[in-house]
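The first chain written gets the first letter, and so on, giving A, B, C, D and E; residue counts start at 1 in each chain.
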Amino acid sequence: MSAKPQVAFYWCASCGGCEEAVVDLAEDILKVVEAVDIVLWPVAMDFKKADIEARPDKSITVAFINGAVRTSEQEEWARLLRRKSQVVVSFGACANMGGIPALANQFRREDLLKYIYEDGPGVDNPAKTRPQASSQDEGRTLSLPELRNVVRSLDQVIDVEFYLPGCPPTPKLIMAAVQALLSGQLPPKGTVLSPDHALCEECARKDSKPVDLALAAFKRPHQIQIDPEKCLLAQGLVCMGPATRAGCEAVCPAGNMPCTGCFGPSSRVKDQGAKFISSVFSNIVPKEAKEIDAVLDGVPDPIGTFYRYGLSKCILRRKLN
Amino acid sequence: MKYLYFPGCSLKGTGKAYEESLLAVFGALGVELQELEDWNCCGATAYMSVDETKSYALAGRILALAERERLDVVAPCSACYLVLNKTQKSLQEHPELHRKVTGALQAAGLDYKGTVKVRHPLDVLMNDVGLDAIKQKITSPMAGHKFAPYYGCQIVRPYATFDDQHNPVTMDQILQASGAECVEYPHKTRCCGGSLTGTVPEVGLRLAYILIKEAKQRGAEAIVTVCPLCQFNLDGYQDAIAKKYERVDLPILYFTQILGLALGLPAADLGFKRGIISAEAVLAGR
Amino acid sequence: MSEQPSMAPVVAAPAVAFEPRIVAFFCNWCTYTAADLAGVSRLKYAPNVRVIRVMCSGRVDPQFVLEAFAKGADGVLLGGCHPGDCHYAEGNYKTLRRMRMLIRMLKELGIEDGRFRLEWISGAEGDKVKAVVNEMTAQVRALGPLDLPGKFKEWDREMEDLEQHVNASAPQQEEAHVR
Amino acid sequence: MAEQKEHQNGIPRIGFYICHCGSNIASIIDVEDVRKYVATLPGVVVSRDYKYMCSDPGQELIAQDIREHKLERLVVSACSPNLHEETFRNAAAKGGLNSFYFQMVNIREHASWVHEDKAAATRKAKDLARAAVYRVRFHQALEKRKVPVDPNVLVVGGGIAGIHAALTLANAGKKVTLVEREATIGGHMALFDKTFPTMDCAACILTPKMSAVKSHPNITLWTYSEVEKVEGYVGNYKVSVKRKPRYVNEDLCVGCMACIDACVFKEPKFPDKFNQGLGKRKPVYIDFPQATPKVVLIDPATCIQMKTGKCKKSCADACDRKAFDFNQQPELKEIQVGTIVLATGFKTYDAKRDALYGYGRYPGVFTALEIERLVNASGPTLGDVVLRDGRHPKAVGIIHCVGSRDEKTNKWCSRVCCMYSLKLAHLIKEHSGAEVYNFYIDMRTPGKGYEEFYDKLLAEGVHFIRGRVAEVTDWAMTPEEQGKLVLRVEDTLAGFVRRIPVDMVVLATGMEAQADAGEVRHKFNIGCGSEGFFQERHPKLAPVNTFTDGIFIAGACQGPRDIPDTVAQAGAAAAEALVLIDAGHVELEPNTAHVVEEECCGCKSCVPLCPYSAITLDEAKKKAVINEVLCKGCGTCVAACPSGSIRQNLFEDDEIFSEIEGVLAQ
Amino acid sequence: MPLEQKLKYEAERDVKFANWVTRETGGENLRHCIQCGVCSATCPLSLYMDYTPRRLINLAREGFKKEVLSSLTIWLCASCYACRVECPKKIQVTDIMYLLKRRAIQEGVYPRHFPIPVLAKEFGRMIFLFGRVNETLLVIDLFLRTNWFRFLGMTRLGMNLMRTGRMSFIPEQIKRKRELRKILAALDAEEQKESAL
């Protein structure tokens, strides 16, 4: 076995953007590849589960796992890598908080399956066939991963040492994390590897935010001509910046788009959505329930807005039914 | 403007004149009354003394039937008006009673939700039709006539909200709109003894006598009322009063009869002939 | 104690009757004082509410409400001063605004309407404390247990098989990593 | 009994104490069971119960345990923290523990007094105790804040309560500003002729005190003025007062009243408010001869010059001192005070609301206050008791409890009506010789010399009929009743209904909160009870304090009361203010919020939430900063900080989260 | 004149009865009475009553059942509600009178020839039979059962009513009598269930 650190990359329920982010390290990736041995990277290299199973426990120095955990297969891989690795880094918003896949926690699994295999437009499935975890075909047993009832963040399945936030994490943060891991100068377990204050700190528009927002209406980005200089909240856009951890250098606001909260909350906040509500809506103008409700109507999808990346980590975890 | 009409037993019996004049007046004012289909007796004051839940259930049936029509119910008889309102309120406030009564109604296939509004003709005239609209239709004002407006007990007490409990004025205003004058009548809400005259005459007659005498003393040529029982009691027992106290001879009319005259309706359509004490003076020249 | 009859219909109680657990956040100046007044006046009300005192309803972070549900509350009651009466001028308006949004969120996440309630109760309204507590207890009792801790456990049961399977061959000396 | 056990790793050593409160708690809550249970909770090393925790031995027990068992945290389950939190904080301090390593559990007001099911109440007591045990681990050592107290005092209301409070404070050498809404001080007492039960003349005992106010070097008297705005906190209030224009320069007018004689209206023409409308006055007037300050004023609603600008202004010409100023404008004054005494008084019930008593309909019906003026030697009739048509009444009926003891209007007993009705009965009989009937429900004469006064009236032959009058009517049943007002009442002691004809009816109207009590209390940030009177901090133990420190209440603004009680209370309010002033400083709860600078991103979300402008943005650092002197500790900004960068002493997030967890853990 | 003993012993009180009154609809506030007598004073009939309404309320809450149920007071109440709107303690006096009347009929202690309970009962019977009430038949029935002498004295009124077309001997009836009887039967069943408990 090589003396270099053994590194694994794995993806669960994700879009692949996190893999892209690794590639986005550009020339730096060569330094990384040089410094480590990659023992697993399904998107780029061919390894089999058996290869990993065969390894001694704790023989992988660090496993970077991205994506939420939704299927039994993802769950199994996560557990397997946990067993084989010294350090697990939860990589990206989906692994950290469920991410976009976790929005499915607003629906029952049965309803989702029914829609996708029976009711959805364009579905032609008169026999109402659905994928089965186990089925017989020509005398052989075929098995498929099972879809779980709940979309989970990685740390709701296995223990995790560190978190790299973002959808996806920025190359700069990834490099910093890798360097820290290689140098062995590790922060305390559970640390999110980005600055522990809110995004406004890094936002170029910060100074243009008025002291009193006094919002009387909320707008969605397509409804207005966005002023490229002015604080987005002040323009009535739901910008999650104040309730979102810094580290991305406010790329979205720099691109004239409000922050949607992919970095998650600061270490002092348990529930990003609830805290955002507490902050921004305390400052709206009306005082009567009816008028308040009229303003709130400007945010038609509260869950999708405040928990775009974090429904798994909402204190309630999912819709109850 | 359309309402359900719950006449009650009296308006089909001794209070026919009230029904006749009410229908005529509402017709003339363009208010449609649709008689509630297969209505039953509300139980009035008497039945409440026999069986509480049953009397609420009787009223409950009426309300349940009315609910199907999605219209406000007009109940001209004071006792009916009170009983229906009382039923709504008691069922609302007493869950156990509500359970029993709605259960019994359901057993007969009836559904009671408590959504129907029970209205008095005075309330409808004042608040829905409006004094101005009434005034516009007055063709032969009752100028020079003086009446004692008598509301009796059960319409303003204790459930009505359309007028003051101690000093109601709705009928005063309607009579004045008809061009008549109202005497200051301190007994306008005092009990006439109606529910007792038949059974304990010495008691009922005294109350009736006080009412009629005071109205007369204050210069009224008739007592004008809103209640069929009051009308019956004050009109029907004047012979007995004469025997026991003195001859009082004062016509007892319904406010709808006066309003009808002012609206130019023929007296014959307003039930004047049904008064035991004739109202010739009121009708003079009409 | 009292000979006043109970209004509730007499129903045979099931073997273990469900007793709702309601967490209340009461502001120190109005609602907490009102609850004290209810006590001094010896008003009797349902024993299902547990009061957590805050200085102002404005201190109540929506996270507290969610956390209470997650830790097992069947209902959460939030009591503050009447609009215009806040000891801190306008804290209760801020509460109202953020809670209106929280209510929407709770609805979308499947928490029934009656489980979260915001009430304005002044320091003089001991009787309102009684009325609100009784009413809410009855309402939550009718809704049945919420039992989020139980639900969390139940949800995670689907992972048990795999957890055992993957860790079956794990050397015993290893500390278990699975939560 | 006590449970004791050894130290547990990492968790502070907690002592738990549960109070029986005699049987107040122990009769409903199984104290023993709770004590045993709490002993099993992590960190609890001592768990005791005691009959009266708040007693000296109870407190000593705690202090001793702290020393002996090296307790690091303290939880006491007893009554409301509003009552005894301070007591147990002191007990902690006595034992050498920081006072704030303490959490109180309210199982009396919130459990034993309000529940009947013993098992459920005990369960609740355990849940609440567990929550406190979980919470107290996170408590931090804190110190109270000290702020100085401004020695100047504001007294609002110039009735007998305000007058007495102001004089007491001024005599103690404090500077007092007395603000009165009307043109003269004196309040309701100035309207009275005699005072019960001693029958001393109200003017004789009141007017010397009024003059003393005017001449006292330590009192600034602002009449015809109202408080507009109050800012600040105990020891440091900033108050804006609006001085309404009298159109006469107060400093120049000497009260010679030559202007009133000179007014273009030769005769008084307008209803005289001071005399309850029974007399008349001119547009330029003075309420009564002893008005203080003795300064005339102009009623702009009736003065021709004020209305049209076209008067020959003979009043101004008659003034030697050139005091008239028709262009006078309202003036806003600002003062700094440390404490405030509110003595804003009451209003009488509007007798028109009881329609059946005929006030406003029958001229023979009067309110008690009108009779006060009628029997007053300096009143509109110079003491002659006459009806509005000039006749002298031969029979008078006084109806008690008008607007009192009636759930349709006011539920409470107004306390003074029985006694003043007796007084008026006596005076009417004395002045007119009429037969006087008192109609009462219960005769309430608790007070020194009060019952004796009732006795005297009985001996004088005044009729007392126990029953609430149903109706006052002019409807006559018998010839004797013709032309009279008839009262129908059940003589409940005789057991039958009576009709009693009289010429004059006096309605003993009750006392209500001032119409604007609601606005006033908002200005001063104090509470009102459901009946509208100002709410005292504790009905027995803090009757002149309010929930806002440094603001005290005296007299009938707090509830119906008579003159002796009002004066006693005014003295008490003054004494409470003196306590603060002489202490020189007050200690404030340390429950303030602060921003953790390195965590703050400067998003400013918190800044507009603070009603006291305690939060500002440090422009250099771009971080929010909280001024702890201004912070009153509501915690709204803490709940709202989107990155969790604001903390609040005593109400930290982890304290509340652990309390939530504790109250629900099973 | 024979002397009557007015002393009452504690044993003569029926506490259950008092409690029952407070539990019935309308009786809730009974114990709040402050005995001010405004009910009696406002009552147009109190002058005929053996106990004024105020006294009756006190007798009821103290549990003097016999005195209460056999009193004329409850039968003289004309349900005019004047007392109820005047009561400073919001006691529903009229409803208390109703519930006492019902109890008196139930226990059969009402004055035999006092026609009001008879009227009330007949009224109920007629509703059961026809669903509506015919005043003519009701009055005839009533007088025949109580005091037919007086009935003879009423012929003048009868003639007057006949003359004015206000008298009818044919009862009005509802169509769906069965529906009405089902309702009443359901309540009878409910009552049986309760008394079985």
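Throughout what follows, a contact is a pair of C-beta atoms (placed from the backbone, for glycine too) under 8 Å apart; a residue touches a chain by one contact, two chains touch by 3 or more.
The structure presented is a predicted model; accordingly, all values stated were derived computationally and were not measured.
Chemist: Treat touching chains as neighbours and tell me the shortest step distance from subunit B to subunit E.
Modeler: The least step count works out to 1.
Chemist: For subunit A and subunit D, which third chains touch each of them?
Modeler: Both-contact set = C.
Chemist: For the pairs A-C and D-E, output the one whose chains share more C-beta pairs in contact.
Modeler: Taking the two pairs in turn, the one with more contacts turns out to be A-C.
Chemist: Quick check: how many Å separate the C-alpha centres of subunit A and subunit E?
Modeler: About 76 Å separates the centre of subunit A from that of subunit E.
Chemist: I'd like the Å distance between the centres of subunit A and subunit B, where a centre is the mean of that chain's Cα atoms.
Modeler: That pair's centroid distance is 73 Å.
Chemist: How many angstrom lie between the centres of subunit B and subunit C, each centre taken as the mean Cα position?
Modeler: 52
Chemist: With chain centres taken as the means of their Cα atoms, state the distance from subunit B to subunit D in Å.
Modeler: Those two chain centres are 49 Å apart.
Chemist: Touching two or more other chains, which residues of subunit E qualify?
Modeler: Counting only residues that touch two or more other chains, subunit E contributes none.
Chemist: Can you list every residue of subunit D that touches 2 or more other chains, as numbers and ranges?
Modeler: 356, 609, 636, 639-640, 653, 657
Chemist: If I count partner chains per residue in subunit A, which residues reach a count of at least 2?
Modeler: Each of 269-270, 275, 278, 282-283 in subunit A touches at least two other chains.
Chemist: In the complex of these two chains, what residues of subunit C are touching subunit A?
Modeler: Within the complex, subunit C touches subunit A at residues 58, 61-63, 65-67, 69-70, 83, 93-98, 100-102, 104-105, 108-111, 146, 148, 151-152, 155-156, 158-159, 162-163, 165-167, 170-171, 174, 177-179.
Chemist: Tell me, which parts of subunit B touch subunit E in their complex?
Modeler: Of all residues in subunit B, those touching subunit E are 9-10, 12-17, 38-41, 43-54, 57-58, 60-61, 82, 90, 94, 97, 100-101, 103-105, 107-110, 153-154, 157-158, 165-166, 189-191, 193-196, 198-201, 203, 207, 232, 236-237, 239-240, 273-276.
Chemist: In their shared complex, at which residues does subunit D touch subunit E?
Modeler: Going through subunit D, the ones touching subunit E are 356, 401, 405-408, 441-442, 466-471, 488-492, 495-497.
Chemist: Mind listing the subunit A positions that touch subunit C in their complex?
Modeler: It comes out as residues 57-58, 72, 75-76, 79-80, 82-83, 106, 148-150, 155-159, 269-271, 273-275, 277-278, 281-284, 286-287, 289, 292-293, 296, 299, 302-303, 306, 314-321.
Chemist: For the complex, which residues does subunit B have touching subunit D?
Modeler: Listed in rising order, the residues of subunit B that touch subunit D are 164, 166-167, 186-187, 214.
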